[in-house]
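Next come two complexes built around chain A: one with chain B, the other with chain C.
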Partner chain A sequence: MKSLPRVLLVAVAGVLVAAPFLSDNPFYQRIAALTALAAISASAWNLIGGYGGQVSFGHSVYFGLGAYSSLLAFTKLGVPPIAGAPLGVLASFVLSVIVGLPSFRLRGHYFSMATIAIAALAEVLVTNWAFAGGAIGLMGPANARSLADLLFRSALPYYALFLVVLGSLLALTYLMQRGRMGFYLRALGSGERAAESLGVPIRRYKLYALLISGAFTSLAGSLYVVMIGFIDPNSGFGILVSVNMVVMSALGGAGTLFGPLVGAVILVPLEEMTNALLGGGGSGAAYVVYGAAIMLLARFSPGGLAQWWSLLAGKGRRGAA
Partner chain B sequence: MLLEAQSIVKSFGGFRAVDGTNLTLHEHELIGLIGPNGAGKSTFFNCLAGDALPDAGSIHFRGREITRMPPHDRARLGLARTFQVPIVFDGMTVRENVMVGAFLRRPHRHAAAAKADEVLAFTGLAEQANQQVTTLGTPGRKRLEIARALATEPVVLLLDEALAGLTAEEIETAIELVRRIHASGITLIVVEHIMEVIHRLTQRVIVLHQGRALAEGAPAEVTRDPRVIEAYLGRRAGRHRP
Partner chain C sequence: MIFLQLCADGLLLGAVYALFSSGLTLIWGMMNVVNFAHGDFVMVAMYVAFFAFTLLHVGPLIFVPLAAITLFMLGVVVYFALVRHVMRGPMLGQIISTFGLALFLRYAALWAFSANFVSLPDTLVGGVYDVAGLRLSASRLLAGATALVLTLGMHLVLTRTDLGSRMLAVSEDRTAAALVGIRPDPMQALAWGIGAASTGVAGALIALFFYVSPEVGNSFTLLAFVTVCLGGFGSVPGALLAGLAIGVIQSLSAYFLGPSTKDVVVYALFIVLLWVRPQGLLGRA
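And now, the complex of A and B:
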C-alpha cells in the first residue's frame, strides 16, 4: 500500500530513532518508550482487525496473558520476567485457537462479541485468582539480580528494545502485505463470499492472522511488565487496553502498515501529558479525547489519517477500515 | 461429464425453492439457466457454487462429489463464479482485486501480478488496472468479477446475471467477452434474464419454474414451448386449461 510516501516514512523512522536523544528529560524518554510499546500492540491488533477486518475489542486478553505469564514466571519460578514471554506467546496460540475456531465458523460479528466476552471474563477470573495476585496484581523484581532482569533506571534501553520488536513486527507486516496472505486478508475483510469463491480458505487465514496478532500482543504485554514492573487485572485485561489498540489503529489508518504507529505517536504523548498536567484527578482526560477521536473518525474519516493523506495526494484511496 | 447435479432440493422453511432439479454439463458447453423471477435459479446456482448446501441430492464435478464442499475448495478444483451484485474488494486497485484470484494457482506475487495483467488485458480492463476499484461503475465491476474469476484459471465458470443492468452497447461487449471466454476452452453456465442474450449465446438452455426443470433444449425450441411461455407470461383466461 503506497498510502504514505517513502520520504515521510524515512523521516518518521529517523525521528523515532532520534527522539529520545533529543531530550535528556526522563519524562520525555519514558513517553517515547511507551509510545513504541503502544505501537507494537496496535500494529499487532492491526493484523487481524485492520487487514483482516475482524475487529477485536478484547485484545487486552492477549496483552494480559503476556504480562501475567512474565510476572508469574518471575514470582513462581524465579526466572527473569522476559523469560516468561515465550510462555505467554504459547498461551496466546492456545487462546487464538479456542477463540478463533468456533467464532470464525460464523459470519458477522460473532468474533467481535466473543473477544469482548473473553476479555471481560479474563479480568474477573484473574481478579479472583489468588495464585496470580488477585485484585492486587503482581510485582516484578525490585533489584536487578542480573542483566537478564532488564532493570534500567533510564527508559532508553527499553525504548531501544521496543523499537527492535516494533521494527521486526512492521517488517513482517510489510512482507505479509505484499504477499498472498496480505491480499487474502484484505479480500476476506471486505467481501467474504467473494474471497471464498476465489479460493481463499477464509477461516484458515483468519486464524493465521489471529495467531500472529495474538502472539505479538502477548509479547507487548511481557515487554510492558519488563519496563513497568507491575501488573494488575485492570491494567492487563481492562477494556481500555483493548480500546487503545483499536483507537490508535483507526486514527492512523487501520489496515495500513504505519497507521497504528502514527496513531500511537499522536495518542500516547497526549495521554501522558494530560495525565502529567492534570494530575491524578485528571487522569481520565485522555479518554475524553479518545472518545472524541472515535466520534470524529467515524463521522469524517473512517479510513483514519491515511485516508486524508491519500486524498491530499489525489489518489482517491478509500480507507480499509 | 464435467458437472452433474442430481435431484437437488433446497427449502427455506416450508418453501421448496429448488425441488428436485437435475443438470448435466459437458465439456466445452455453454448453457443457459433461465426462468421467471422466483423460479429458483439463484438458489440452484448457489448450490452449484457452494454458497448454499442442498437438503437433498448430489453434485459431482470432474468425477468428484462436491455436494457439501466449501466454495474455496470448489475454486481449487476449477469451479469459478461471479455474483449477481458484484462484490469488489474495497481499498484495493483493480489489479489487486484480480491478483486475489490469481494467487490461487500462483502463490508468488510476481507470477500472480503477471496473471492478473494477462486477464485484465483479455477482459479489456488493462487501462483501469491501477485505479482504485471504487472508481469503477456497474459495467466495470461486472467485468472485474469475470476477470477475477478467470484469474483462478477455472474449468467451469458460472455467470450469475453478468449482463443484467447493462446498456445495449455494454451488452454487446459483454456477449463478445463471454464468447471469447468460451472460445478459450472454458465451459460456462450463464444465468440470465434477457432472452435475446440467451438466444445468441447458448447452445442449450434449462428453464426452471417453481424449483423444477420445466424444459430443456435449444433456445429456439424452448422459447416456443407453450409451457415455457405460460411460465413466463401466465395462462390466458379460458385457454390452455387442462
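And now, the complex of A and C:
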C-alpha cells in the first residue's frame, strides 16, 4: 500500500482543498466551509470516541459551550465573538474535569447512557436560562464593527480559517497516534480491562483525550457561530449535534486519522444538496438516512470505510490497521 | 391533600414507566445490550394507538393489544436483523446500532407524520372518579392499573414458569444453556419481543392522556434508563419500584419546582446515580 496510493491520496486531497478557492460558486464555497467545520468537531470526537472507544453522545455540550461562550462574550461584553473562543475552551476544560472524570468510572453502554443524559440536561438548563437567551437563543453582530468581528460575505475566509484549525487538530492527532498516548488509547479502545491489567493509567489518559477532544469541539462551536451568527439551545446542545460527529466518524472509520474527515466530505455535501433540492423541508429525511446508515455500518462494517480501504490496500492482508 | 393527589397521579404514571422500563431491563439482563431506541418504541406504539383510533375507529380494548403485537414483531425483527449480529462485535457497533435505530424511527415518524402534536380525544376513556377525596381520571386509572398488573405478570412469567427458567438459563450462561438443550437465539428473540411488547402496551396506554409527537421518544428513553438504573440493571421488581418512585418524583417536582424542571430533576438523579452507584440502588455489585 506504501508509495502509489499515498501519492494519489495527497494529490486528491490537494485538489479537494484547493478547489473552493478556484471555484467562484458561493454555494460550493459554503459547502466547503461547512464540511471543514464538521470535520473539526468529528475529528475531535474521534479522539475519545474513536481512539479511546468511549462512545459519547454528549459532545454537543462542548459544542454548545463554545458557541454560547462566543455569543455571550459578544452580547454581554461587546467583544468580537471570536474573543469568546478561549473562554469556551477554558469552560470545556472545567467541564471535562468536573463531569468527565466521574463519568469515566462507567464502561461501555453505561458511559454512553450517561452522556445522553448529560446533553439532555444541558439543553433543558440552557433553555430555561434567561441570561443566555432562553429558548430563543443568541444573535451575533449584524454588521461588522471591525475586521475582528470576522463577518465576511464570502465563505472563503471561513473556509481558510477552518482549514487551519482542522490542520492543527489532525497534526496533533497524528503526533498523538504515533506516541505513547496513541498506543494507550488504542489499548483502551480494544479492551478496557486488558489495558488496565497491562498497566495503562486509563483514567489519566481518558482525561487527556477528553480535554483535547472537548477543547476542539468547543472551538468548533465558537467557529460555527462566528460564521452562522446565531445559536439556540437545540442547535447548540441538541442530540443531533452529537449525532453528526458520531455518524461522520463511524462512516469514515472511527479511530483512524482521516476517518472523520472522509465522513464529513461525504455527508455534508450530501446533506446540503438534498436540503437545496428538497427546499429545506428535507432535513428530517437526512436523519432517516443517517439512522439507516448507522445501523448498516454497525451491522456490516463497524470499522467504517477505513476497513474497506485497508482491505483493498493490503490486498486482503489481515490485521492491517 | 394536594400532596396525596400528586403522589396518586405520580404512582399511576409511574406504573406505566415501570412497564416499559421492565422491557428494557429484561433485554439488558438477557444479553447486556442497551436498547437506545426504547423510548422511540413507545413513540411508535403511541402512533399505532392514534391511527387505530382515527382510521379504524377502535377503542383501547382493541388498540392496546394491537400495539403490543405490532411492537412484539418489531422487537423480534430488530433482534434477528440487527442485534444478533452486533452483540458479539466491537463495542462501538453495539452502542451505535440501536442508537441509529432510534434516529431512524424518530425521523421517519417526523417525515411521515410531521412534527405536529396529535392526541386522542379526552372522552375516549372519560370520567373522573372520586376516591377518598382524591380525583383520579379514568384514563390514568386504566393505564396505571393495567401497567401494574402486566408488570407483575411479566415478573411471574420470568420467575415462575418453565419459559422463564429457560430465559434465565440463557441470560446466566449462553453456552451452558445450549449444552442442556436450550437454544439461545429463540430465547433472546423472545426477550426482545416481550421487551418491545411492553413498550407497545405502555405507549398505547400513555396515548390515552398524553400528546403524541415524533420526538417524545427521547425523554421516554431517558426515563427508562433512570428507572432501570435506580431499580438495578436486569431486575423487573426493581424496575417496578423505581418506576413508581420516578413517577412520584416527577409529579412532585413538576408541581413544587415548576413544570420545566421535572426533567431536570430526573436527569440529574440519573447522572448522580450512575456516578455513585452504577450497579443501581437495589442492584447487586
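Heads up, the rule we're going with is that the second predicted complex is superposed on the first by the 300 of 321 C-alpha atoms of A that agree within 3 Å, B and C clash if a C-alpha of one lies under 4 Å from a C-alpha of the other, contacts with A are read in each partner's own complex, and residues count from 1 in each chain.
Quick note on the criterion: a contact is a pair of C-beta atoms (placed from the backbone, for glycine too) under 8 Å apart; a residue touches a chain by one contact, two chains touch by 3 or more.
Note that the structure is predicted; figures quoted are calculated from it, not measured.
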| item | value |
| --- | --- |
| Which of chain B and chain C A:N128 touches, first, second, both or neither | second |
| Which superposed partner A:R178 touches (first chain B, second chain C, both, neither) | first |
| Chain B versus chain C as contact partner of A:A194, first or second or both or neither | first |
| Touched chain A residues, chain B compared with chain C | C |
| Which superposed partner A:I202 touches (first chain B, second chain C, both, neither) | first |
| Partner chain in contact with A:S168 - chain B first, chain C second, else both or neither | neither |
| Which superposed partner A:P102 touches (first chain B, second chain C, both, neither) | second |
| Chain B versus chain C as contact partner of A:R186, first or second or both or neither | first |
| Parts of chain B lying in touch with chain A, wherever the complex brings them together | 49, 51, 70-72, 75-76, 80-81, 83, 87-92, 96-97, 99-101, 103-104, 107, 109, 112, 132, 134-135, 145, 148-149, 151-152 |
| Residues on chain A engaged by chain C in the complex (per definition of touch) | 49-50, 53, 55, 57, 102-103, 105-106, 108-110, 112-114, 116-118, 120-121, 124-125, 127-128, 239, 243, 246, 250, 254, 284-288, 290-295, 297-299, 302 |
| Residue ranges of chain C in contact with chain A within the complex | 32-34, 36, 81-82, 85-86, 89-97, 99-108, 110-111, 218-219, 221-222, 225-226, 229, 260-261, 263-264, 267-268, 270-271, 274-275, 278 |
| For the chain A and chain B complex, residues of the former touching the latter | 178-180, 183-184, 186-187, 190-191, 193-202, 255, 303, 315-320 |
